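Paired with chain B in one complex and with chain C in the other, chain A is shared by the two complexes that follow.
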Partner chain A sequence: MRLHARGVALVSSLGVLLAAGGTTVGSAQESHVDGVTGHAAAGKKVYRRYCMLCHGPDGDGAGENAMWIDPKPRDFTLAVFKCRSTPTGTLPTDEDLLNAMSRGFVTTNMPPWLPLSRQNRADVVAYIKTFSPKWKTKTAGTPVPVPPEPALTIQSILHGRDLYQKMECWKCHGSKGHGDGPSAATLTDNKDLPIRPYDFSSGSRFKCGITNRDLYKIFMTGLDGTPMPSFADDIKPEEGWDLVHFLRTLQPLDTPELALWRGWFASHAGELKPIGPGTGQ
Partner chain B sequence: MRTQYIAVLAVAALGTSAASVRVAPAGGTVSGKVTYTGTPPKMKPIDMAKEPNCAKEHAAAPVLTETVVTGPGNSLRWVVVYVSAGDQGSTPGTATVRLDQKSCQYIPHVLVVQPNQPLDIYNDDPHSHNIHPLAKVNSEWNRSQPAGAPPIHTTWEQPEFIPVKCNVHPWMHGWHMVLATSHYAVTGEDGAFSLQGLPPGKYTVTAWQEQFGTQSQDVTITGNETKAVNFVFKATPY
Partner chain C sequence: MNWWFPQVVRGARSSWCMSAAVTVACLSVALALSGGRSKAYTAYSLAVHKTKAIPAFARKYGLPCSACHTAWPELNAFGQAFRDRGYQLGNDRDSPIWQNPSYIPVTFRITPNWHREGATKQRLDATPGVAGPPFVSGTVTQSGFDLSGMDLWTAGTIFKDISFVLLPSSDNTGAFHFESAFVRFDNLGHNRWLNLKAGKFELDNLVSEKRFLFLSGQGGIYQSYHFLPGGDMNDFGMGDNQLGAELSGHSENSYTRYGVAVLSSTDGAVNLPANQGYDTYFTVSQAIDAGKLGIERVGAYGYFGHRPTYFQTDSGVPIPGTGTGNKPFYRIGVAGDFFFGDFELLPLYMHASDDKFLATSTPANATLPAGAQNAVWNASFLEAHYYVSPQLVFTGRFETVRMSQQAVAGTPGDLGNVDAYSGGVRWYPIMFSRAGLSWHTEVSAVRTRGAAFPTGDVWTSSVFTGLDFDF
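Moving on to the complex of A and B:
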């Protein structure tokens, strides 16, 4: 990964901090990410130029643009973030924040901020951490372990399909992943605003990344602030990849998972129990 | 695991307070009733059709919403009465509080824990729930708990009134009341409460009801007497 490659060239102390995956308590005014140290004072200037109008001068997500956009901008005063590598209920790492800012949030008004320099973005990460007192007393969570992805097999996909049924993903995401499950229409986020579950059939990028590894982390960390919980207690780390492989078959994308699934499905469709209520409990 | 992580953070970040004085069984008592005047909102029957297991269990007697639960004599249930100023009592040690998700309801609807008191959350239903406490001072989290899963062991670090919901079952609402004090009571159907073992001193006693908010009254305890304190909330239909 790019970060590790750069780590070799870094001063060792920075490298240690990067490997730890977060800041130390009391250094909420700084970020250490992607080979760079960000400073809140510098980040404030960038924030007020580019971020304030949506996220608000106080970082509470109530900037003057906020009333016109949906989903609402992130409220940094709660220190609750969707896209993390860390367990539910814990703070994200600096890298998580940088990634979210750089990637943007597809289908929302949050654009990718890659046009800003890496230093600018690191500075903004540091400044964001000044909006909530939680950054003063807590450190980032320990990133969830992600085992190496095993080889793709039909057994993996089928086991993932079992998990989709057993973990009752279909209750929100629907039996075909269309985001139309029985509970979908009443979902609300942590501000009691309506929110829709991800629709796999849209083929849209996930808000928290596009790779299988990103998808893995989504259900192992939960998307804090939303109805999407963490399944880290319930799905074994190796099984997580089975679910990833199955979920890819729900998307209309040119993936090896879908190709393998289609090949198998052509002759074995009759063996499958439908996903949904009252089946195989 | 997460609980240990929180406990370590709590110790490291907040430090441990000086040992609290164990309240002697003798001492003053503040007791009374919580009632309402006016017309409270009507509680509505909950349609659990989206979860057939639960709809079946409540087919004979539908569950009502629990935002304002009344009892005989205009009493109010689920009111938390606690000492908000004055002697705070003792820490709870390892006494565990239990929350059950049963037949698509939170039992109890309102629970009280003290900071770092163990809280065990059980799923007694044959289907999944997710527990989503909407904490702001504490850390908000959201965990899925399938049928047959082991209980979730957790704690809350800071005093806060935390609403809790299940996203899968939108009618499920509960409260985790994190109170610094061990002098608290939650009223039952009769609206009665009794705070016992209060050492002499000045106290502010606060009553909280989830729809009507809080009311406070000051009371002074000089010895082993019982002081009557009653709370009356003004109820409106909406």
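Moving on to the complex of A and C:
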């Protein structure tokens, strides 16, 4: 009888412990974005409806459609994300993940999931964080500060052009931003898959947004998992904006940067050295 | 992916086999239990498929059916946005120039099925084979294996921001017609509020009859969309695809939508068979993000049309397309699409009126029956879906049509009133990005007031089970 009682107590204790453990893990699997709390359990349901065929049931990017997709779907088990507001090498914020999901990724199979409810998206963010143990041992990085954008001047554009040469952006993105630099053909991502640098002449939005602020963040955070590094330690914040202003002139869009540049270029073209190897500009 | 057999999730082939085996086994049991009770009275033809689902898009983008459909063919918020953008995801890979040349955006859909149709209080010869009178009142039933019509869908983008749909559709004998055919110019001036399409298309109904989850003979239409009072010469049906042009627009997430259409007064029939007039249709809707409940949408619509009441004639024979003596009709109403987690409610209300000349089938150059007046009625339905998972949905619908003013004086006030009930279940054992299969089972019944022989109400009913598949 006593043995039986002890057995019951032991089993009960184990049950309580298991339940407590489950509760602990479950409560850690949340996301928090603008007052909305996402839950992994709910996110799993949404994920399986919308995401699983590409990203796979285990989040490893090996869904049944992955073989047909280029570039390949993100492998969430690595917890490496391109579009962040946080420093390179750190985990993104929940808002970063939600924004990426809402925005989609241009020139990939990842569509903008904006029509889904914010709760659905927050739930998926929480679920995505269950695929890698990193989310249990590390916290998201502190967002990189983005100073106010200074006034657009031709000096800013010209300095940005100098930086484009100096930081050797042209090696990948090409001297005219066509994504055809001498290194372009050799680039691979963190899974050794070929990757193409952004072609500014396409005029499409950037992978991580569409605004000047988004572009600035790309320089300062880098695109983790790709050859695009962070320049946070190499250029000053105001220089980041100079680079933004210059890069906008490479896009065939109706931007104030391009208008200013064209006006200046019409009478000063001869003063510019070409961008590329050996110009030392 | 099959959620219920995780052990075979990774093997598409074994998953298919398992699902197919279970489906066939269950279907066989169901058929054994219910079939073979009566022979067919007359050949019964299921309507041409009215619903739409396009795995060609799933194949193009590598998305599961469930990405765009709550349960195909009904669209969810993402599917609605995709459709509103002109079948484009907006990732700069929508134009066909980005597709593998071997990709052809074509899919077909058909539903082999077994169904039973019944109608009570029908007029029958007292002695079969001996023409009455005398007549007796009796019940007619028909049942057997059958086919639905077939849809041969092709749709997609011709170029960035130019989309198209071409839908040759057949009845179950293989006689084809064009159910839909249009070209749409999307985002005119890079403005998502300006999209223009021309051709034959479904009205932008908030509750789509083309995408709903009912297939049976009685449940496979919205009574509200097609009701006409007895003796009415109007041919209009809200659920019918129409010929014309539509200007539409939407917000970035398609939560706000509008559409305005100008349509030929032919109820979608080709060859200009009626007159040279035009109808107009408008719709507007707004959705809100209700957090954990889901996306909630409400909308309003109005259709204002007219139909000819007589034609120019040659030796007394009407000359097609020369209809004149136009008389007006309208349909106005509100509708909603409300989610409560996995539970969806679709309410609709419609107020309708047909001019007295139409309602009494009287040419405008002739004298109306004494006391004739416009026919006026109200219709409504409440449809419910419960999504156990993207692969299993239970459905139910109650629908009612009530005459509020009969066209002919002395007609019983409730003559023609309709009450309709439908319930069913759809299970999707196959839901890949390249194909879909649903086992659809449905029971429907409709009561029509005053339509029985010799008097009373008629009950018509359908029992339907079939394998609804597309590839």
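In the analysis below, the second predicted complex is superposed on the first by the 252 of 281 C-alpha atoms of A that agree within 3 Å, B and C clash if a C-alpha of one lies under 4 Å from a C-alpha of the other, contacts with A are read in each partner's own complex, and residues count from 1 in each chain.
Simple rule for what comes next: contacts are C-beta pairs under 8 Å (C-beta built on N, C-alpha and C of every residue); 3 or more make two chains touch, one makes a residue touch a chain.
Nothing here was measured: the structure is a model prediction, and the numbers come from that model.
**Student:** Quick one: on chain A, after the overlay, do chain B and chain C clash, or do they fit? Just give me the call.
**Tutor:** They fit: once the shared chain is superposed, the two partners occupy separate space.
**Student:** Does the superposition put A:Ala259 against chain B (first), chain C (second), both, or neither?
**Tutor:** neither
**Student:** Name the contact category of A:Arg118: first (chain B only), second (chain C only), both, or neither.
**Tutor:** A:Arg118 contacts chain C only, not chain B.
**Student:** Between chain B (first) and chain C (second), which, if any, makes contact with A:Met110: first, second, both or neither?
**Tutor:** After superposition on chain A, A:Met110 lies in contact with chain C alone.
**Student:** Of the two partners chain B and chain C, which one touches more residues belonging to chain A?
**Tutor:** The partner with more contacted residues on chain A is B.
**Student:** Of the partners chain B and chain C, which touch A:Pro182 in the superposed model: first, second, both, neither?
**Tutor:** After superposition on chain A, A:Pro182 lies in contact with chain B alone.
**Student:** May I ask you to decide whether A:Met52 touches chain B, chain C, both, or neither, giving the answer as first, second, both or neither?
**Tutor:** second
**Student:** Could you tell me if A:Asp233 is touching chain B, chain C, both of them or neither one (first, second, both, neither)?
**Tutor:** Touch status of A:Asp233: first partner only.
**Student:** Between chain B and chain C, what is the shortest CA distance in the superposition, whole Å?
**Tutor:** Closest C-alpha pair between chain B and chain C: 25 Å.
**Student:** Which bits of chain B are touching chain A when the two form their complex?
**Tutor:** Touch list, chain B to chain A: 2, 5-6, 9, 12-14, 50, 52, 126-128, 130-132, 134, 136, 139-146, 149, 152, 167-170.
**Student:** Any idea which chain C residues touch chain A in the complex?
**Tutor:** 1, 3, 9, 12, 61-64, 66-67, 77-78, 80-82, 89-93, 252-255, 289-292, 294-295, 390, 432-433
**Student:** Tell me, which parts of chain A touch chain C in their complex?
**Tutor:** 36, 42, 48-50, 52-54, 57, 64-65, 68-69, 104-119, 202, 204
**Student:** Show which residues of chain A lie in contact with chain B when the two form their complex.
**Tutor:** It is residues 25, 78-80, 87-90, 134, 137-139, 141-142, 166-168, 171-172, 182-183, 186-188, 190, 222-234, 277-278, 281 of chain A that touch chain B.
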